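Shared between the two complexes below is chain A, which pairs with chain B and chain C, respectively.
And now, the complex of A and B:
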């Protein structure tokens, strides 16, 4: 590494990384994470013959669907240089409202209405971040604390009711031998990728994350666009709450707790910069699939919980380590305005 | 006090303002004011609040979070996020509960052990971030999960007993009035003031404010960042030690609640989450405010179901207030 290189490059949002050929780097990154997932599934055959089968792949995709939907929203927020810590609370909100208002059946408009409420929560986050200029970390954490408390008060501690019929259908039925949710997730990934990489909205998000001053000069309405990212994130989280309700046939107040860190980890492992402006949704999907695969394989090893957790953490660090070389190959190119 | 030591680095352009205005509008001063206001409210609703017993309890409750927030401040100042705090606190808590050592000598060995655990984790973080240049939030997420796992390996369910000496003496008072936990917090603050005089101490601000400029001015970015993570790790170790003294038992998930609260305390204390501005003492008082707020809400008769709603809004208001105060004073100074 030459001396003239900016040492802190890892910490600086780098617009320049996107200049020419940025897609190929992202593609490489995505290939690495998907490759690691496939290796893990194949390798798991050595652990247990029951693993590595087609049905395990389907299980992984089904379990990964929660994380994929979540980390799409989280990814958009991270892309604009923010962070959404309110995800667990919004998941709980979505789940609690879905069971409370539409338990068992429900009119067609109830679920969209719940998503709209979740969207309002996202708008509140966006308002705090863009208008009040509160750091995203603090704003979304405050929202999370407020919502969790409201959900606790609303349910008096015990959420009641069953899954709405539509969500049970999504999570529990199969079509041509494949769970319906897998089709849904494939469509979601396609739509998400189009939105992030092939629309004006997506390009604006990249522009804001890379350099918000430049984006402003270029005529991007920073406030509204950033707020939209938070709204999308909250809607995704609310929908995951409903999916979880459909999967487990009920809501709990802590149902979202285990999804915050994985949602960030999936985005970062997928090759996005935590500081924004760089990354692709396909990479994030790879990160989500890798994390989920890891979880299922480790769960099957039969080690005690503690060692499984140690291995999980170790693999996250290792995955980051693998990304690193790729990262630096790009950094070595002359750049930076 | 602390505030003035930090200021020269914080604002180069503000030379015309008098020192007391700067001191009054610093993050530490504002959060201290918040603490006083909260305490007054507490005293209003809870007459016992002014007794030495209640005060000692408050300090004991706040000590683990305060020291952990102090550690996190080092990393945040150098422009990073350290999630390993949750892992280290869990790990040291479990260490204290599974291998209790009696007497003052045992307590000292335990404390050194906790510091050593924190230092090892901090070294790993420092290596991942400063040398390998991984993103801080992701690398420390990894080490946090590993530490949580190790804590589970050592103790798979809540249990164990912390040494009696530690749990009695460290939560007690000196001469019946001075809380021991308060002395330990003061020691951390004092160490910080000394650290501020060193090149590494100044370097943390320089690196956090502008890494390239710091490097060009001859600051060893790698060394500074490394030092920040190791120092932070050791403070998390002390935080785990104090938590064990307070809870007197082990819990492999003891550190989990710290993850969010630590950042809230740091931000409340006036440290910029994007690095380079703030100080450790503000974070300590910020942690105190967060813990005090719970008591105030409880004594004010807010149902425990809804305390979170107040906490969230107070957090937002405190941040806004911290930003608004300096502007108010600046406007006044210009007239």
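And now, the complex of A and C:
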């Protein structure tokens, strides 16, 4: 096994995971990003004495919840070697429909119906990528443009209505002193991890991303499985739109714009390969938490906006440096010999 | 370099084609002497931008303008280059006037000058340009920053930890507001700026950035905010502690909160001021009066009055527009992000909620003449003029007096 063969390394890592023995690259990655987050939170006491507290942890988890749900979907698409640029537009779609159709009340089936519509958008993405063979980058960008224009036309620019009661309950209530959304995120992470790492569907995604020719020979239905990844991503994005509506009590047309790059960054910082076939959801969750913690701590430093962004970028580069292939190869070597 | 040129040419061709096509469709059913007027937006998508555009559309469809105007809307995005191309195409298509929200105060000057030379009248609203042949219609010189800062200082008794929730980094409007505010805050050594963050004039971003700042400074005493202020209130409520005095712009949610006795009891005080979407309607009517020969006016900078609504002055509207001195709408009638200052009983009596939300004319309304007098705006270098001197009393207070001495 040589470090100059990333595909081979990916197979080795996946094999480790399947055997369940040894510390896999994915696990080490997740431990590192979570460790960095905890260090940042503890270290932030030096920045401001009010930081490093339990309430800061809750703030971080609350703000990270959007990114965690989003990057699960984005992670699946990246896992099969794609990229979903339609996320901001689908967030807006979910938010605008939720306020428009279920603002304040609405029947119980309205929110699931909206998620189903978002799922159709994902299916459209998947259809374009797998059947029409349009590169994912272009296909999802086109979907994004179409959706954004449709939303502008539908709302005349001003989305009406307020947050559906269910989303207000999710985002604004607490249970035993902890926001309900934090419990939700824990359940979501568990379910997402099971789906990605412990189901046949998940294994097929890894197989397609690592080598689609081999996966085809092995009998994986490439088209339908890939499409399902886009569907899950769109449903996640639509749900984040609803969460944002519950958080801020209203929708706007550009509400998703700030989430595209962070959704990709969380996946990559979490140790997934941007080329597909490698990564774990737990790592991605760590990436999302790390990015959000970083934002909170940097916001507390009384620096000019320019410098804050420089520091934020610098820490991300440093984090990725420690997750390089060589670094892991060195960590693993003693175990192998 | 080659590539860039090619892209630019392609963009220009595309925009020209689109504008020409729009013109073709329009002229098919146009009557003989309609003025061709373009509404040029840089971007659309927040409540403020769409309300400003909607009221121009509504006015253009209100008699007698419906027979006199052919209005074509073009949205070019946040890139100055795209708006330059759009202006070029409008000039080529024979525009009589362009009502526009300019994305940059300087980047568009050259194409505007070229348009003026061909007889096109340029009216900017809210944001401004420094090209002297354009008419700037804006509240920006009316002192939002310094007046709201003084109001906050008064509420805080001259001391306390505050947050600054700013707009878009590098934008001339954000800079003008913040410079005005800092002029006041610097006079009070007891005022400590605990956190300063960019909220992009957006509720949701304001809420998240304020939540981050609150994690580090839960003991904040006040917030000075630009647009997006409703998000700051929600962040305070999420943190669950107390509310604090704050100033912000004109969202319906903020005005309702200021007038809410429960929130007042928790510590919310302050004033709602800032950018009114109604500027676009005023600019459009001025342009029309000039084109139809009802008004003689050389290109100049025109100041739109600063809305100023302290908590005690919030009054709910029972109908569909501002009447009897009301200035906010009941919960549920409009979204909380709705910018209330879309109406002006004196300058724009033709408008109703239908106009602001959907761009449709108010049934039965006809265009009323504007007051003859305009208010000239003072010079502000880099904002509405180049190589000019600002007045010595640039940051003088106009809406409020200090109640605490520094």
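In this text, the second predicted complex is superposed on the first by the 302 of 337 C-alpha atoms of A that agree within 3 Å, B and C clash if a C-alpha of one lies under 4 Å from a C-alpha of the other, contacts with A are read in each partner's own complex, and residues count from 1 in each chain.
Going forward, contacts are C-beta pairs under 8 Å (C-beta built on N, C-alpha and C of every residue); 3 or more make two chains touch, one makes a residue touch a chain.
It should be emphasised that the depicted structure is a prediction, and the values quoted were computed from it without experimental measurement.
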- prompt: Regarding the shared-chain residue A:238, is it in contact with chain B (first), chain C (second), both, or neither?
  reply: neither
- request: Kindly classify A:202 by the partners it touches after superposition: chain B alone (first), chain C alone (second), both, or neither?
  value: neither
Query: Looking at the overlay, does A:152 come into contact with chain B only (first), chain C only (second), both, or neither?
result: both
Message: According to the stated criteria, A:258 is in contact with first (chain B), second (chain C), both, or neither; which is it?
response: second
Message: I'd like to know which partner A:250 touches here: chain B for first, chain C for second, both or neither.
response: second
Field: Touch count on chain A, higher of chain B and chain C
entry: B
Message: Quick check for you: in the superposed arrangement, does A:305 touch first (chain B), second (chain C), both or neither?
response: both
Message: Which partner chains sit in contact with A:161 here, chain B, chain C, both or neither? Use first/second/both/neither.
response: second
Message: For A:88 in the superposed arrangement: first (chain B), second (chain C), both or neither?
response: neither
Query: Touching chain B and also chain C: which chain A residues?
result: 152, 156-157, 305
Field: chain A-facing residues of chain B, complex
entry: 79-80, 83, 128, 132-139, 141-154, 156, 207, 211-212, 215, 221-222, 252, 260, 263-264, 267, 272-274, 303, 305-309, 311-313, 315-316, 319-320, 323
Message: Show me the residue ranges of chain A that touch chain B in the complex, using the header's touch definition.
response: 6-12, 85, 128, 132-135, 137-139, 141-146, 148-150, 152-153, 156-157, 261, 264-265, 268-269, 273-275, 304-314, 316-317, 320-321, 324, 328
Query: In their complex, what parts of chain C are in touch with chain A?
result: 44-47, 49-51, 53-54, 169, 194-198, 202-205, 207-209, 211-219, 231, 234, 238-239, 253, 332, 334-338, 356-359
Field: Contacting residues of chain A [partner chain C, same complex]
entry: 44, 47-48, 50-51, 53, 55-56, 59-60, 62-63, 99, 104, 152, 155-162, 172, 244, 247-255, 258, 295-296, 299-300, 302, 305
